[in-house]
Amino acid sequence: MSQHVHEHIDSVGTYVGILVLLLIATVATTLVSFIDLGNFSVVAALAIAVCKMLLVALFFMHVRHSTKLTKLVIVGGLMWLAILLLLTLTDFATRGWTGPGR
Amino acid sequence: MNTAVAVEEKENYLNNGYGLKSWLLTKDHKRIAVLYFITISIFFAIGGTFASLIRAELLTPPGDLVSSETYNKLFTMHGVIMVFFFLIPSIPATMGNFFLPMMIGARDLAFPRVNLLSWYLLIAGGILAIYAMIAGGVDTGWTFYTPYSTTYSNTYVITTALGIFVAGFSSILTGLNFIVTVHRMRAPGMTWFRMPLFVWANYATGLIQVLGTPVIAVTLVLVFCERVFHIGIFDPQLGGDPILFQHLFWFYSHPAVYIMVLPGMGVISELISTFSRKAVFGYGFVAFSSVAIAVIGFLVWGHHLFVSGQSLYAGLVFSFLSYFVAIPSAIKVFNWTATLYKGSISFATPMLYAFGFIGLFTIGGLTGLFVASLGFDVHVTDTYFVIAHFHYVMVGGTIMAYMGGLHYWWPKMTGRMYPEGWAKLSALIIFVGFNFTFFPQFILGYVGMPRRYHAYPDEYQVLHVLSTAGATVLALGYLMPAVYFLWSLRYGEIASANPWGATGLEWQTPSPPPTHNFEHIPVVTHDAYDYTTVPREVMEVGR
Amino acid sequence: MGTRLPLFPEQASTISVEVDHLLYYLMAVSIFFTLLIFGAILYFAVKYRRKSDTEIPPSVHTGFALEIIWSVIPFGLTMIMFGWGASIFFRERRPPQDSMQIYVVAKQWMWKLQHTEGQREINELHIPINRPVELIMTSEDVIHSFFVPDFRTKQDVVPGRYETSWFNATKPGKYHLFCAEYCGTKHSGMIGWVYAMEPKDYEVWLAGGPKGTMVEAGAKLFEDLACVNCHHPDGSGRGPSLVGVFGSTVKLVGGGTVKADEAYIRESILNPAAKVVEGYMPDMPVFQGLVTEENVVQLIEYVKSLTPPRPAAPNVAVSSAPPNR
Amino acid sequence: MEDSHAQAETLALREQFDTEAQQKDASTLGMWIFLITEIMFFGGMFAAYTIYRSAYPTVFGVASSSLNVTIGAINTCVLLLSSFTMVMAVRAGQLGQRNMIIFFLIITLIFGCVFLGVKAYEWTEKYEEHHMPGQIAFHLDGTPLQGPAKLFFSLYFAMTGLHALHMVVGVGILTFIILETKNGKYSADYYTPIDIAGLYWHFVDIVWIFLFPLLYLIDRHLPK
């Protein structure tokens, strides 16, 4: 039952590369926020944040090499966060809707 | 008697250390389970005392026994203690802790020290809650609705919230421990679909504990901040929205209902199988229905908010989703009933509780369909109808299962049998008392009696008197086991390793079990509930 | 003492009949399944009781078809519950357009009610039968809930906004009014009576009240609070004209629109800078703390009176434009 | 009795496990599940944030612009650097280089403390500007809606405060692990605690990755 864990030891170069990408993304998100993108600016900010999250998770947290179960746990956790946000929004986004004829 | 004790002096988890330290610093999941059992029994007694006082007050229409301040504190503390300090830890922390590792053939949970820590957290939370009660109590209702709890109540809200916060982490850690244990600690051959259904149920419960509890923790942190710093998150004066609190609160507290009842369903699966000597009908369906309930349970919380000012469309969405919980619940009930078909049915006390559970849970579940129906719920929400409904699920369901499981596993935990005659009598008294207490409340609710009322109009008195009378019977029913269980510790018949002729791994080791559960880690070669594996002589000795 | 044993509430409103019919359906389904389960358990328990200590019953295979059947059929029955309940709810939440309006202000621990004709009541509500009555409700402190069991209506009353509820009483009589959301120490004392009266009796009762309608009270406040100095009817003042505003869609500074309903007018009085009308400065003083919730609803009623009733409202759908929150 | 059991179990393999791989698997899974709990814990606040930002978009923009974006961005970089040094420490653990573990952990610790120091500075600044919701003199220029402005800062303090609390806990864990490494507890065969502490540290980093744009970068393009 215990699948043996193969230790993947990433090179220093990989980690440095990821760090550089993360720093660039930080500068990018800051600069992008000074450009008027309308409603899209939230999307841009979140998209960059999600990319950064993926870099940290996949490389620094070794999710790349993790078991399927770990990946399932992570995806599940994010799904539950989505449930919390989206179902709460079903209320707040439809406040005041009274339906057809009003 | 004495000779029997002498003969029985094998090493087991109970006699391998007697000092206080050997208990308070134990890492043995069985001892921790016993610690939990003692703790929550005390909380049950406290919560029960509050309930009795509430019923006594409601015997007469005017508020004459206690003042309205006191009454409000009584029902609040009854709810807080029963929900957070009894029902949520009840089955998982006692029987789950004790038997989940044994049932999958493990020596212990994955994280024994975390397990002990979670008991201490419950104690710490409990002490805070009890301190709050002694210091002056709290009167917000166990739901802590804002802005009453944040701005208007001048009782011990912060201390109580802190207590629940701490106890919440106890629950999280228990769930986490169970999940990891089930994934990583199964004995050789113990595949997922050979696991007893009790393990499945506790696994599903663990998912809810891990995913839901943090949300109420952070909500209580916000309530705390609102009271101390007046941050405005739930304050309409600053543009905050009190309904947001209700969303966050019920995001946890609705699934919490399943934290309470799922392990009970797991117990019932074990009982029904053992006492009809049949594999549970539709094993796979019952197993998956536990997980399905855990998942769907997170999608329905808005049905507590139908009249609260939630939007019309959110109401429709949540009502619709609520009915999906009915499918896995129905699957369970039908499969249990079908398990009896062509079985060999024994009427031992645990089985009586199992019958009681199925009956009462059926009524509790079906009235759940009533209150999920929008137009109907508008009328009965916040009335005694709802009180009756959730007591049928919580008391008629969870506590029936808890009592059934306790009788079932008592010989394994203590090495002694309980007195069967008394136990049957008390099971009967509890069933009758329960129905007398709570059935009239359905009618009361539909007629219009709102919940949390200290005084009420005269015409509701007859039903209230019935309910209080039933509660008296019920209290008697709960006192009897307390007495005969204690009695059995010393005078009970010595229990064999497998007094019921059951199949689980926990029955293949002596009663009480040795510290490391098994002499040798078992190798599992059969599906769960395969009664052909039980030796004939065990069945003959079995009662 | 309990002189009668009520097992069923009065059917005193149009909706109560519908809710009761839904109850009958729910009960029929429940009783059927309860009897089915209880009966099966009892029958099996007796028929298959253990006859010898060592017997091992034959194993019974799981019937896949059976599992599907007993999942799908009950689910179908519950979908009827959903649809039926939802249709009642939908009507319950949408007051008819010709409803007579009554303003409700809840506070710990009393109900304060105002009729547009000027009658004011505490913990008592007089209404005519056979006429839809819409309640426009707010709370001064915590959440309360307006509950009339005999009408089968209940609605939480939330501070900081208006909730509505409506009913059409069908039987003259005296009915319980309860606060159903726990609101503090004297929660169980926050009760009252609803008097449903024949329309002519209601007229008599109304006439016995004080002179001066809510509109008149609102108009007086409008002058006393000096609103009139800026909000000129012809739009020449520093504030926008309020004529014809109620029910219209207002353009706001910074883009966006808002429907001028009760909530918007309340917000504009208490916190005027929140949503400023296009073309105006946010320089109206804040009235939060200066006017009571009851004053606010009088002002709202006055503002409403400045909008002539639309002849046979041509039911314009506004739901396509999402509201601001 | 207890003693003999205690002796039977070594630090690297506790009595309830059969193999070291099983133990490492269990610990890692346990940590990940704990992190899921943390996601939901922060999730409650993110839900509140989402609701109020969509209700009061303009005020949130004004309030956000009052935060110091340069400091925020620099602090983000500090935290990312600390994540890098943390993963380097884990790598040193994998290779069994004890001195490198200690070296990188100390650097991580320093970065963590710098982050907290900067955070403390920012909070002080907010306090002096009367932007703290608990203050009676609370006032935010540029918007007439002081209530919702307060809401923004409540969320700001609650979220960054909760994050900082996690950082403090992280600093405690790192200190403990540095000491344990010094005592020679870890090797290439057993470095699970370092690995797990790393997961925690990176998670806290990820939370900040979201907090930074959500709190500091709303409507920056608008003229002040």
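Per-chain residue numbering starts at 1, and chain names A, B, C and D are given in the order in which the chains are listed.
Note that in this section contacts are C-beta pairs under 8 Å (C-beta built on N, C-alpha and C of every residue); 3 or more make two chains touch, one makes a residue touch a chain.
This one's a predicted model, so the numbers in the text were calculated from it and none came from an experiment.
Asks: What is the set of chains touching both subunit C and subunit D?
Replies: Under the touch definition, subunit C and subunit D have A, B as mutual neighbours.
Asks: Averaging only over C-alpha atoms, locate the centres of subunit A and subunit C and give their separation in whole Å.
Replies: Averaging C-alpha atoms per chain gives centres 41 Å apart.
Asks: Once you find the CA centre of subunit A and the CA centre of subunit B, what distance in Å lies between them?
Replies: 36
Asks: Take the average of all CA coordinates in subunit A, do the same for subunit D, and state the distance between these two points in whole angstrom.
Replies: 16
Asks: List, in ascending order, every residue of subunit A touching at least 2 other chains.
Replies: Expected reply: 1-2, 69, 76-77, 80, 84, 88, 92-93, 95-99.
Asks: Identify all positions of subunit C at which a residue touches two or more other chains, and write them in rising order.
Replies: 90, 93, 325 - these are the residues of subunit C that touch more than one other chain.
Asks: Out of subunit B, which residues touch more than one other chain, so two or more?
Replies: In subunit B, residues 183-184, 211, 215, 237, 241, 243-244, 247-248, 251, 312 touch at least two other chains, as defined above.
Asks: Among line, ring, star, complete and other, which one matches the pattern of chain touches?
Replies: complete
Asks: Across the complex, what residues on subunit D touch subunit A?
Replies: It comes out as residues 18-19, 21-22, 24-25, 28-29, 32-33, 35-36, 39-40, 43-44, 46-47, 50-51, 54-55, 69, 73, 76-77, 80-81, 83-84, 86-88, 91, 94-95, 198-199, 202-203, 205-206, 209-210, 212-214, 216-222.
Asks: Given the complex with subunit C, which residues does subunit A contribute to the contact?
Replies: It comes out as residues 92-93, 95-102.
Asks: Touching subunit B in the complex: which residues of subunit D?
Replies: These residues of subunit D touch subunit B: 1-2, 5, 14-18, 22, 25-26, 29-30, 33-34, 36-38, 40-45, 47-48, 51-52, 55-56, 133-134, 145, 147-148, 150-151, 154-155, 157-158, 162.
Asks: Within their complex, state which residues of subunit B touch subunit A.
Replies: The touching residues are 183-184, 186, 188, 211, 215, 241, 243-244, 247-248, 251, 298-299, 301-302, 305, 310-314, 317-318.
Asks: Quick check: in the complex, which residue numbers of subunit C touch subunit A?
Replies: Residue list for subunit C touching subunit A: 90, 93-94, 259, 315, 317-319, 322-323, 325.
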